[in-house]
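Have a look at this one.
When the chains are written out, they are named A, B, C and D in that same order, and each has its own residue count from 1.
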Amino acid sequence: MDPRPEIETREEVMFFDTDCGAVVHNLAYLRMIETCRTRLAALMGMDLREMSETQLFPVLTRTEIDYRCPARLGDKLVIRGTLAEVSRARFSCEFVMTREETPDVPLVTARQGLALVQMPEGRPVRLPAEWLEKWG
Amino acid sequence: MDPRPEIETREEVMFFDTDCGAVVHNLAYLRMIETCRTRLAALMGMDLREMSETQLFPVLTRTEIDYRCPARLGDKLVIRGTLAEVSRARFSCEFVMTREETPDVPLVTARQGLALVQMPEGRPVRLPAEWLEKWG
Amino acid sequence: MDPRPEIETREEVMFFDTDCGAVVHNLAYLRMIETCRTRLAALMGMDLREMSETQLFPVLTRTEIDYRCPARLGDKLVIRGTLAEVSRARFSCEFVMTREETPDVPLVTARQGLALVQMPEGRPVRLPAEWLEKWG
Amino acid sequence: MDPRPEIETREEVMFFDTDCGAVVHNLAYLRMIETCRTRLAALMGMDLREMSETQLFPVLTRTEIDYRCPARLGDKLVIRGTLAEVSRARFSCEFVMTREETPDVPLVTARQGLALVQMPEGRPVRLPAEWLEKWG
């Protein structure tokens, strides 16, 4: 088996990421995780523009997210995403978010389940056979 | 000519609307204005579900917005939207946002220009003839 | 024990809720759930404006959400939120989202864990004693 | 006078940036512009973390934005921001957004007015004297 795909993305906390508690809002972390997940998917061979043409999309079926420690305005965040599991019809990814300057303190950890879906019908599609071979 | 369509929508400021300056974030006002604009469009005969099927959408071409006085967490806001102008290919709407308890203090005022566009080609389409008659 | 607090909020799916897969985006469901959760908290005695002054906020510690069936532009959604569990330092809420016209088909189900936190220090605070009595 | 501060930021269009018209949603462009504006402000000496401590924030007073040509999923966008004008109490910035591959086709152009505001009072503050000297 090949090593599991893994990627790191970076974000700087903007005003629009924060709320009046002076910390990053829970929705903003999930937007950052989506950017990481999209780049992880690109690494696995799923290109955004191609998706846009074929209308074959990875669709989120489940999110589990733990908010452990808050980030604040101007923080430089690192989001590490890893392919965690692949079956015939589903795959899941794991994410750990840290501050650049404190790489050992997880701020947020998450796990997301996805399926491949043919839009606009919304029909689930088998994952590519080589995913199971390489990363199953 | 008929009286110009006009509508009022209401919002309560949530955490996700605010930023760490402890006031409503500029993007949140525009999301609230979009909800008002959508209900104004419904009043003019443009139904969201119908749009979804015909793929004929009112598309924003321009926004001018003045942020005059900030709203805060828990504020109850009133957004009043009015059809301001109709031509053959474009129309524009005006919005005034106030706090329920201070209806004479405008927090935000905005004007938006729109065109009717046939998606996915993105082809501009003439406005319905009766719009010009009724509100031109 | 008193019956558990429960509330229903309603949303109409707007353009900004959807993505190019023509369905509601996963972040939009969570924004709608936050509105429901905020009204549920109000019912339990936590008022937004009061929070804003005391800086004592309910803070999300965990979300589990299952995306079961997609909503689309113009759909009228009902979000039902229930207080699920109360302990000395934490509480959790459950949410079910359905379409008005198909109340038996859950689109999204979610469970969220929260703690009461004194900002800006971020210090966790005991829940009000009467919560445990009434709903523990 | 010094040359006006100018900066370029880059974004790749994600699912959360698009709507069911299959194009980038108007709010998403403004979020991207805010990221550009924040980096422009950093270049002018306004650091996010410092703001967070001093509570002296650049506050948006006005936006004018023209949506000229839509961007789509996976597009690589370039946002160029320039300081346009400085007076004693206000400054304004201009933004042009293009696709990497078609740098001569403006997708979105915008102008934003800002004031420097001491929070939480919301009191407007004079701009640093050297801004007027250098860029007035």
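Definition applied: a residue touches a chain if its C-beta (ideal position, glycine included) is under 8 Å from a C-beta of that chain, and two chains touch if they have at least 3 such contacts.
All values derive from a computational prediction rather than experimental measurement.
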* Check A-D against C-D and say which one is joined by more contacting C-beta pairs. => A-D
* Most remote chain relative to chain A, going by C-alpha centroids? -> B
* Any idea how many Å lie between the Cα centroids of chain B and chain D? -> 23
* Structure fact -> Rounded to the nearest Å, the gap between Cα centres of chain C and chain D is 33
* Could you please state the distance in Å, as a whole number, between where the Cα atoms of chain A are centred and where those of chain D are centred? => 27
* Would you please write down the residue numbers of chain C that are in contact with two or more other chains? => 15-16, 20-23, 27, 31, 34, 52, 72-73
* Structure fact -> Interface with chain C, chain A side, in the complex: residues 20-23, 26-27, 30-31, 34, 52, 55, 57, 59-67, 70, 119-120, 122
* Hey, which residues of chain C end up touching chain D in the complex? -> 15-16, 18-23, 25, 27, 72-73
* **Residues on chain D engaged by chain A in the complex (per definition of touch)** => 12-16, 22, 31, 34-35, 38, 47-49, 51-52, 72-75
